[in-house]
Amino acid sequence: MSGGLRTADGLPVEKEQIFRMAQQEMEYRVDLFNKLTQTCFEKCIERKYKESELNVGENSCIDRCVAKYWQVTGIVGTMLGSSKPGGM
Amino acid sequence: IDRLQVSDSLKMYNSLVERCFSHCIENFRRKTLDKQEETCVKRCAEKYLKHSMRVSMRFAELNQGSPTPD
Amino acid sequence: MSGGLRTADGLPVEKEQIFRMAQQEMEYRVDLFNKLTQTCFEKCIERKYKESELNVGENSCIDRCVAKYWQVTGIVGTMLGSSKPGGM
Amino acid sequence: IDRLQVSDSLKMYNSLVERCFSHCIENFRRKTLDKQEETCVKRCAEKYLKHSMRVSMRFAELNQGSPTPD
Amino acid sequence: MSGGLRTADGLPVEKEQIFRMAQQEMEYRVDLFNKLTQTCFEKCIERKYKESELNVGENSCIDRCVAKYWQVTGIVGTMLGSSKPGGM
Amino acid sequence: IDRLQVSDSLKMYNSLVERCFSHCIENFRRKTLDKQEETCVKRCAEKYLKHSMRVSMRFAELNQGSPTPD
């Protein structure tokens, strides 16, 4: 409990800001991953559920779906002035 | 509150991507976007942003119409 | 670190309660705005994406959609015993 | 836990509005609700609340059927 | 502020872990309840809204929908190696 | 971060249940699952898990393709 500006939680201000940003980046990635997973499930997985294995068509559809989703993330990121795809 | 605004805009970004991806990408025969898909995504994203700004303006006007103490 | 009841985070109880309530009100508004934005996008924006500008029809649809959404918020709020539309 | 219950009910309120708006409002030729839309929204909201209470009762019963320590 | 390992928030580590777990369990149940409510609303409630009461058919549909949702939760929980239905 | 991973997997679990329930359960004339619904749910859940693991592998590869400082 030495000197320096501290927030209500008792963390030094800078450290807390870095922590918050890292946490937001993390939450953003988790949210991205969840949306990606659900969107590609709807697009690629056949609804008949005749078996419990993914078939060849579904597997390659998933790979392409993830790749395309990533590219869309990149395009939108560039439009919003961010440089790296998938980043903030 | 700042924190909420940042995480709000990150959520918006994810929703935009999800929405425009779902509307524009229909085939998975190749692993790169073709020209048509790319154009669709770009227009969709621009429209989404403009839409979002307009909603936010109207929303602010309505909020001011019935002012709250804080 | 003077007297007074404090919570685990070290904030005096009252201040923390006010902060929590303000935070919840804020989260509620953010959630409302996000749902409103997405609902009106689905209702008003043509899916062909022939151009990147909003056309006249889309613009007036958005305005009316927001206005009607606001009214629905008010009706439901009244039903639940709240006085101001959009408020808690 | 109290905090979760408040934010839970606020989320429920937003979901209710979204759901009933989507089901009841189809035309955007005017900026005020007509009588029919208003009736639809009110009935939808009442049904949603009653539905939600019934679900919550059944849910509680099932939770008690397989009790957890806390 | 006596001895013992403490986290950034000043809580002893163990207590905090238990609190976090309880909070996560709680958030999980709230999320489950919300999804269940919305799914059964879509499955059971007629969209015409001719009256504001739930009719007999809707009421029994809700009861069965909740019961079946609970069973699905149990099946998936067992597959993921958890013992109690609806639990973590 | 650990905390996020736990709540992430709990969210995933809830999404899986919601998705497979919606796809597999169509009738509400009885209050217990019949054999066909149970089989459907089990296959759907297994597929969802395998799907989710594959997405997560591909996602990790793409994240490594454009490394970030932290």
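Some notes on this structure:
Chains here go by letter, A, B, C, D, E and F, matching the order in which they are written, and residues are numbered from 1 within each.
Criterion: a residue touches a chain if its C-beta (ideal position, glycine included) is under 8 Å from a C-beta of that chain, and two chains touch if they have at least 3 such contacts.
Fair warning: this is a prediction, and the values are worked out from it, not measured in the lab.
With every chain reduced to the mean of its CA atoms, the largest distance from subunit C is reached by F.
The most distant chain from subunit B, with centres taken as the mean of CA atoms, is E. Chain centres here are Cα averages; for subunit D and subunit E they lie 16 Å apart. As a whole-number value, the distance joining the C-alpha centres of subunit A and subunit C reads 24 Å.
Distance from the subunit B centre to the subunit E centre is 29 Å, each centre being the mean of its Cα atoms. For subunit F, the set of residues that touch two or more other chains comprises 11, 15, 24, 42, 46. The set of subunit C residues touching two or more other chains comprises 9-10, 27, 44, 63, 67. Across the interface of their complex, subunit F is touched by residues 20, 24, 27-28, 31-32, 35, 39, 43-44, 60-61, 63-65, 67-69, 71-73, 75-77, 79-80, 88 of subunit E. Interface residues of subunit F, counted against subunit E in their complex, comprise 3, 6-7, 10-11, 13-18, 20-22, 24-25, 28-33, 37-38, 41-42, 45-46, 49. For subunit E in complex with subunit D, the touching residues are 22-23, 26-27, 30, 33-34, 36-38, 40-41, 44-45, 47, 49-54, 58-59, 62-63, 66-67, 70, 84-87.
Of all residues in subunit F, those touching subunit A in their complex are 1, 4, 8, 11-12, 15, 19, 23-24, 39-40, 42-44, 46-48, 50-52, 54-56, 58-59, 62-63, 66, 68, 70.
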